[in-house]
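Next come the structures, one after another.
One chain, subunit A, appears in both complexes that follow, with subunit B as partner in the first and subunit C in the second.
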Partner chain A sequence: MIIRIEPESDIPIYTQLSNHIIEGIARGELHPGDSLPSVRSFAADLGVNMHTVSKSYHQLEKKGIIRIVPKSGAIIRSQDELRKDGTHDELFMEALRPVIAEALVAGLTRQQIDTLVAAVINDFKGKA
Partner chain B sequence: MIIRIEPESDIPIYTQLSNHIIEGIARGELHPGDSLPSVRSFAADLGVNMHTVSKSYHQLEKKGIIRIVPKSGAIIRSQDELRKDGTHDELFMEALRPVIAEALVAGLTRQQIDTLVAAVINDFKGKA
Partner chain C sequence: MAFIVFSVLIIFMAFMEAAIPYLVKRTVVFGVTVPEQHVTDQRLIHYKRTYAIIVAAVSAASFAYFFFWYTRTKPAEEQIVLYGMFIQFGIMILSVALYFFYHGKATRLKKAENWGENVKQVKAADLSARTHDEMLPWYVFLLPMIITVGVLIYTIIKYPVLPDQMPMHWGIDGKPDAFTNKTPISAIQMPLILLVMQVMMMAMNLSQKRSGIKVSATNTTGTRTRQLALRKYSSWFTFLTSLLLTMLFVFFQLSTIHEGLAGDAMTFAIPMIFMLLVLVGTIIFAIKVGTAGNKHTAPPAEGMGDYDEDDYWKGGLFYFNKNDPSIFVEKRFGVGWTLNFANPIGYIIIFVPLIIVLVLSFL
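Up next, the complex of A and B:
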């Protein structure tokens, strides 16, 4: 899995890293039960501060994506654990709101938005 | 328009402010041609640093949402100006990707995602 960090982005680097990991899981490149690299080695690989990787892991833990186990490190939660949290709909809508707002302001129609949403889902899942 | 800044959020404060402004336009509470408050008065109203408001305005200018006019301040672009930029689809998909990935990892189905996207659009546009 190739992770490209964009230092100039408006998105904080630790959130970029979290997003890459979540997208890797969605794409099936990372799997429930997989261990993520240690903070030290991941930071060295990416050329970022250890604090940045640690902050990303805590963000992923807060989102319920990984468990942090003392000595074993960061482990992607099982499918069942990922799905048991009941607040996904609200969190999803919260994250969606600014993205949809910007599309509407740019003049995209409901149909165009639906088409682009479907395209992004297909990128992850394949056309099912 | 009520703007609530969440200092504890993973989203930088200046981006939260930009998002609120974009959502205000999408919701029809702010209009093309409207002036935004001066950096100084907006910062005082929100209880944030002037640098934060200034950074938000530059982010909105970069996104093509406002024009910054010396002495006149920040003005929301006209409908035509907002819509002329051709790269909206790509920017939208870029912003959408991590949000959709997280929903898929949480086990939301394609149908559930479509329903929630429609709900968010309805929040802005009314059921048309």
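Up next, the complex of A and C:
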């Protein structure tokens, strides 16, 4: 899987890394049980600071998406494991609120928003 | 004989120096990053060609002079060595000077044409690249070291029978031409120097393995192929150099311990074979790496360009990036690796062994 980041972007690099990894899992390019590269080699490949990668890994660990095991590195957790942590519904709701509000203000209808959401899911999962 | 050796070295060097612009990464021209779609710009092609022609022509002229000087005056061995070295340095200085000239021209051209501006600059990493990495593991480098330690111990056992004068330097015919008094240190000096060099080569291999696999965002496949080739072949080349160096040093050490172990022919042939194998190895390495991944040219991506690292490359030659944990990175002008000069570990790997070798040679 190829990770692309924009160093000049307003979005911090560690957030870009986390987003790419999450998208990679959603797309099925990365699988539960896979391990992510070590902080050092990932940082060396990208030519970024090791703290940046480590910050991203800790962010992913906090979200429950990966598990950091000493010596084996960062391992992607399975959906079963994630579900055991409890539901994240409220979290996603909070995150979606401002985006949907903005869409409504911009004049999008309920159907249009539904279509957009379906399009994003299709993009990750392929057409069902 | 010295004439033949230096002729081979001069011709080899001239070819290598002249070919550099064609063996480096396509998107870096005289140390300047050029976006994929401008790589075939006529002016850049012209710069490369002029550089190669000047280096080749001046080298050919100096070699012709060297040849006539040799056939006319039949100079002494030392004089040939001196002249041969002088010509080699001349070619080197010429190509460095030309490099800087065209580095300046390419930099100004890029600026004037606004290449790589107004595009989103992107960095990339390939998460699966490391599973395709074929570098040798560090421990295979222990093999030549074991041989060295064996010879070291053997020398200590044989210390009483060693000659009173230990050879320090060998002439072009493979025979010692400088000596020092026998002391416990001078007796084991050669294997010790060898050991330090072997440790250095092992450390280089290890730290190159831990350095980043850099891929371009616009041509991931091509750059990955080249990076993997560089890693694989440089680790093989370093290992073979370590082995050959071991054989050469061990041969010298054993022929010191057992005088007359090898006949004149062998004493003469072994260093020559060593030199030829290293030269041939260098050529194979340069061609293998220099042409790897060239077939993959990606179509220019709209509005997206590679992250321009020119600011990290001082003069287009020296890489200083304190964020990058890589100790080594691929050279921009030449085939092989260069240090990340902002990383102190690199200095330790290269300069500490060199200092130890120098100190050992002057003891």
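Here is the rule we use: the second predicted complex is superposed on the first by the 125 of 128 C-alpha atoms of A that agree within 3 Å, B and C clash if a C-alpha of one lies under 4 Å from a C-alpha of the other, contacts with A are read in each partner's own complex, and residues count from 1 in each chain.
The rule is simple: a contact is a pair of C-beta atoms (placed from the backbone, for glycine too) under 8 Å apart; a residue touches a chain by one contact, two chains touch by 3 or more.
As the structure is a computational prediction, the values presented were derived from the model and not from experiment.
Undergrad: Just subunit B (first), just subunit C (second), both, or neither: which does A:Gly126 touch?
TA: In the superposition, A:Gly126 contacts neither subunit B nor subunit C.
Undergrad: With both complexes overlaid on chain A, does A:Pro12 touch subunit B (first), subunit C (second), both or neither?
TA: A:Pro12: touches subunit B, not subunit C.
Undergrad: Using the superposition on chain A described above, determine whether A:Glu23 touches subunit B (first), subunit C (second), both, or neither.
TA: First partner only.
Undergrad: Does the superposition put A:Pro37 against subunit B (first), subunit C (second), both, or neither?
TA: In the superposition, A:Pro37 touches subunit C alone.
Undergrad: With both structures fitted on chain A, tell me whether subunit B or subunit C touches more of subunit A's residues.
TA: Looking at subunit A, the partner in contact with more of its residues is B.
Undergrad: Between subunit B (first) and subunit C (second), which, if any, makes contact with A:Ala95: first, second, both or neither?
TA: In the superposed model, A:Ala95 contacts subunit B only, not subunit C.
Undergrad: Mind working out whether A:Lys63 is in touch with subunit B, subunit C, both or neither, as first, second, both or neither?
TA: first
Undergrad: What residues of subunit B sit close enough to touch subunit A in their complex?
TA: So the residues of subunit B in touch with subunit A come to 10, 12, 15, 19, 22-23, 25-27, 59, 63, 65, 79, 82-83, 85, 88-89, 91-93, 95-108, 110, 112-114, 116-121, 123-125, 128.
Undergrad: Which of the residues in subunit C end up touching subunit A in this complex?
TA: Its residues touching subunit A are 120-130, 210-215, 217, 220, 307, 309, 321, 323-326.
Undergrad: Show me the residue ranges of subunit A that touch subunit C in the complex, using the header's touch definition.
TA: 1-8, 24, 30, 36-37, 40-50, 52
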